[in-house]
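One chain, subunit A, links the two complexes that follow: it is found with subunit B in the first and with subunit C in the second.
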Partner chain A sequence: MISYLIFVGTIAGFYSLLSLGLVKAWGQGGLVNLGLVGFVGLGAYTSALLSGAGYPIWIDWIAASAVSAAVGVALCFVVRNLRGDYLAIVTLGFAEILRLAETNEKWLTKGSDGISGIVAPLKNHLGDNFAVFYLVLTWVLVGIVAFVLNWLLRSPFGRALRAVRDDEQVAAVAGKSVLRLKLQAFGIGAALSGLGGALYAHFTSYIAPDVFITQLTIYIFLAVTVGGYTRLAGAVIGSLALIALLEATRFVAALVPGLDAVQIASLREFAIAVTLILVMQLRPDGAFRMSNERSGLGASRPGPDACYGKKAVLDDGT
Partner chain B sequence: MLTDLLQYLVNGLIVGALIALPALGLTLIFSVLGFVNFSVAAQLTAGAYAGWLANTTLHLPLVPVLVIAFSVAGALGVVTDRIALAPIRRKPSAQTPLMVAVVSIALSMALESAYRFSFGSGLNSFDMPIARDMKIGGIRIGLQQLHNIEIAIGLAVLLALFFSLTKLGKAMRAVADNADLARLKGIEPVRLANLATFIGMGLAGVGGALLAIDTSVDPSTGSRLILLIFAGSVVGGLTSLPGAVAGALLMGVIGELGLLILPPVYQSLTAFVAILITLLARPGGIFSGASGVRK
Partner chain C sequence: MTTSASLLEVDDIRARFGGVRALDGASFSVEAGTITGLIGPNGAGKTTIFNCISGLVDGFSGAVRFDGADISRARPEVVSRSGLVRSFQLARGCPLMTVFEHLMLYGPRQAGEGVFRALTSPGAVRRQEEELRERSYAVARRLRLDHVLDNLVTDLSGGQKKLLEIGRVLLADPKMVLLDEPMAGVNPTLVGEIAEQLAAIGESGVTILLIEHEMELIERLCDDVIVMADGKFLTRGSFDEVTADRRVQESYLGVQLQ
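Entry: the complex of A and B
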């Protein structure tokens, strides 16, 4: 039981890293990244391949973050002028293409068999204590990342980023380099996804294209939305809520008699998707609303809202 | 060589004609409701399953099967839209189109897992007579595939007639063109939104059923195609119905011709590249005029 909790806690740490990245890019920067899982996979494969080639693990992890960040910045640069829902299509497609490459470039990734036997750090020395060590390591990283992001978001950089999110034109008029801020936010988000993927790869010692599917992106969107998609603390708490839900559905589904493995897995996925829909409907601001980020205009302002992009969503009246 | 090329062209048109139906649906919903509905994928699969059930349990022939596929996918589309997406659309904010898009992915995932729960992950084939492929001047084409093209064209024509001749169709175009002006004229948006969703998802359902007759249906039938469907719709400009058909046919042909240089597994890559290039270079679709006028 203890080892199960340690395992689940470690996974929650990975989710927290991904959620922090998404809060950074989406919540604070306004850049949706539906291809999040693509960057997770990129980091995981980079790290696994480098460690397979004999490089030490800390270099693998830095490289994983760097590769994901670089690809993220490049993608963000290409799509810099796209509005939100178009960005959603492109990022979603991008992750799909990455997964195709993972599946089919067998010379590099071993295809759908996946890469197994990925080295775990210090596993030989630690023996049974490895699981605890990795749990602590993961959460220390989460702590460091949260601390640094928090510092970043309080800095002028963070304010400028939120200005870009809320109104690009105003930010540009105020002399902020909109493009650079966007690239930084998206790049940091991608780097964190890559780091999360790398940690995952060395923890389970096995990765395959099937691990990095759109479902994971939806999971992280759920975590971030539950916690309030602009808040760092919300990302961590949302990740804990996500893992609680994921594991709870596992037990509940097992209670129903006569279900096969496929049906149990479907039930869990169904539960996650429905929860995301409900959360979006009932509390789109999450548990932690934006409190201290608006300027001193007092009451909630209508914002640039309805004229977003070229076309407003049809209002259903009632 | 020339026959090879022609064969690719014909294959591409066959794929494109099938993709055209869900692409039309996506475009219709985006035009009238103003958001990208990713759950087209799940409704396509719904149509395929409905058609498969009607065909294998009730032994219905092609046309009733397609009617059932249309109705089931359309009805499911409207119901899920009202339950899952409409409450989010009502909140006016800059993030709304995006939020609805994200939720529509979750909706698609929920439906897909429901199919997997009910029918398992296996491939299900229709019980239709298999006709021998015809050969016209060295080019091979299946009878069913020929039917598919005819049906796709027929539906597109029907849709065009509906939009140009009926009052409802005109009202829908008015909403697509300018929702505020349409409301001033007393056009009621909720009913139109439902109708657009019904027709759009119904088209996706027919596309799914035709596709499944040609191959088979499993829970991921729709989500495997979503990139290609989007490519058709985006290349056509996302708000133009004729554009969606042309875009889908173009994507079908490009995808097949891409096989000359790409391994078949990378067919989605052409779709992705097409989406990217279109959105970057001509967000109004490649058929828009130089001035960017779309409608």
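Entry: the complex of A and C
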């Protein structure tokens, strides 16, 4: 049971990394990256191949993040004039192209057989303690990433990025380099996806194209939506909630009598869908609401029903 | 017209959208340190010319020079950074951001906007933020927006949105501002207040080019009035001169005299 929990906790850490990247690109930058899983795969394959070629693991991980970031920036540059739905469609297609490339470029990726025997760091030394070590390592990385992102999003960079998300023309007139900000946001998101993929590859020691399917992208969007799509805390809490839900349904569905394995699997998917609908109905902002930078002047307590708004409307006669 | 003191020069701008000729050879210049009115009937191309100057539209021919540099078809952020900042007619803004964030956003040359600088020089960024914060407070107090600083812009009244349009333009520390109907849809008391603010801004040395339909305001504020009609420059002069011009009366009032 303990080893099961450690495994699940580690997976939650990977999901948190991906979610943090999505909050950065989508929640803060307005860039809908439905090709998230493509960058996860890119990072996983980059790291696995470099590791297979004998490079040390920390180089593999940095390279995985860098390759994903570079491809992400390049993709974002090519589709720089697309937003919203159109960007979502292009990124969705892009992830599918990557998956097909992983399947068909057998000389490099061994096709649908996948790559096995990927080196797990220090596993020979740690033996049974490896799982705990990897759990801690993953969550330390989540902590570092969250800390740096939080710093960045509280800086003028974050403010400018949120302006680009809300209204590109206003941001441009305010003197902000809209394209640069979009590329940076998308690139950082892609880098975190790549890092998450690399961590996964060295954890399970096996990757194949059918690991990196769109369902994972949907899961991460679900996690971020449940947690609060603009908030870093929301990304982590949402990921934990998602994993809890995915695992809990496994047990609960098995309790329903008279179902075979396929039906149980379907019931889990169904439960997840119902949860998403409930969250969207009951708390559309997610667990953590959007937060704004405070002026520190302390004169007003804002909110949707702020009395100042109403009073001003009366004053104004409009 | 003296060209030596011209801060902004617009030379023969032509722009069409589909089959519509929005601008058909518009030329004029604006002297440094003046408040200039830009008037003309609806569809004369006033807002379009603002869009061309500020870089939001780049499909036009002709030249725009600001402060000695050619800024024709420059990107909007480049135009704004050169010290020429515009406001929007339909007060627009970032719906999920507060008044305070809008003011801070417009601060020029912010070191913390680069990923690298934001992470590596926290001291410099903090100092700049403090300074910007003080300036935001000052502008907010001046425009009586200090009590709504932490409200989302979507919670503001129409008049407050207009004031914020002016406020954030000021935060950019501009040499010149392009104001697109700053008084449209604002109640009469507030109009007087905005007019006083604009006069004060003009006195502080900022050049203002102002689109406005409210003739009393143009008369009260503007040193110089430019009249456009049908996408072209029609005439310019003092308020009394242009309003006495029969061509202006004809185009503005749509009356065929004689």
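Everything that follows uses one rule, which is that the second predicted complex is superposed on the first by the 279 of 318 C-alpha atoms of A that agree within 3 Å, B and C clash if a C-alpha of one lies under 4 Å from a C-alpha of the other, contacts with A are read in each partner's own complex, and residues count from 1 in each chain.
As a working rule, a contact is a pair of C-beta atoms (placed from the backbone, for glycine too) under 8 Å apart; a residue touches a chain by one contact, two chains touch by 3 or more.
All of these numbers come straight from a predicted model, not from anything done at the bench.
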{"item": "Touched partner set for A:Phe157, first subunit B, second subunit C, both or neither", "value": "second"}
{"item": "Subunit B versus subunit C as contact partner of A:Lys176, first or second or both or neither", "value": "second"}
{"item": "First (subunit B), second (subunit C), both or neither touched by A:Gln184", "value": "second"}
{"item": "Contacts of A:Asn104 with subunit B and subunit C, given as first, second, both or neither", "value": "first"}
{"item": "Touching partner for A:Met280 - first (subunit B), second (subunit C), both, neither", "value": "first"}
{"item": "Subunit B versus subunit C as contact partner of A:Ala248, first or second or both or neither", "value": "neither"}
{"item": "First, second, both or neither for A:Glu269, with subunit B first and subunit C second", "value": "first"}
{"item": "Contacts on subunit A seen with subunit B and repeated with subunit C across the two complexes", "value": "304, 306, 308-309, 312-313, 315-318"}
{"item": "Subunit A residues within the subunit C interface of the complex", "value": "148, 151-152, 155-157, 159-160, 162-163, 165-167, 169-178, 184, 188, 290, 292-297, 299-302, 304, 306, 308-309, 312-313, 315-318"}
{"item": "Subunit B-touching residues of subunit A, taken from the complex the two chains share", "value": "32, 34, 78-79, 81-82, 84-86, 88-90, 92-94, 96-97, 100, 103-104, 214-215, 218, 221-222, 262-263, 265-267, 269-270, 272-274, 276-277, 280-281, 284, 303-306, 308-309, 311-318"}
{"item": "Footprint of subunit A on subunit C - complex, ascending", "value": "54-56, 75-77, 80-81, 85-86, 88, 92-98, 100-101, 104-108, 110-115, 118-119, 125, 128-129, 133, 136-137, 140, 146-152, 155-160, 168, 172, 185-187, 190"}
{"item": "Subunit B residues within the subunit A interface of the complex", "value": "32-36, 38, 84, 86-103, 105-107, 109-110, 112-114, 116-117, 120-121, 175, 179, 188-190, 193, 223, 227, 230, 234, 263, 265-266, 268-269, 271-272, 275-276, 279-280, 283"}
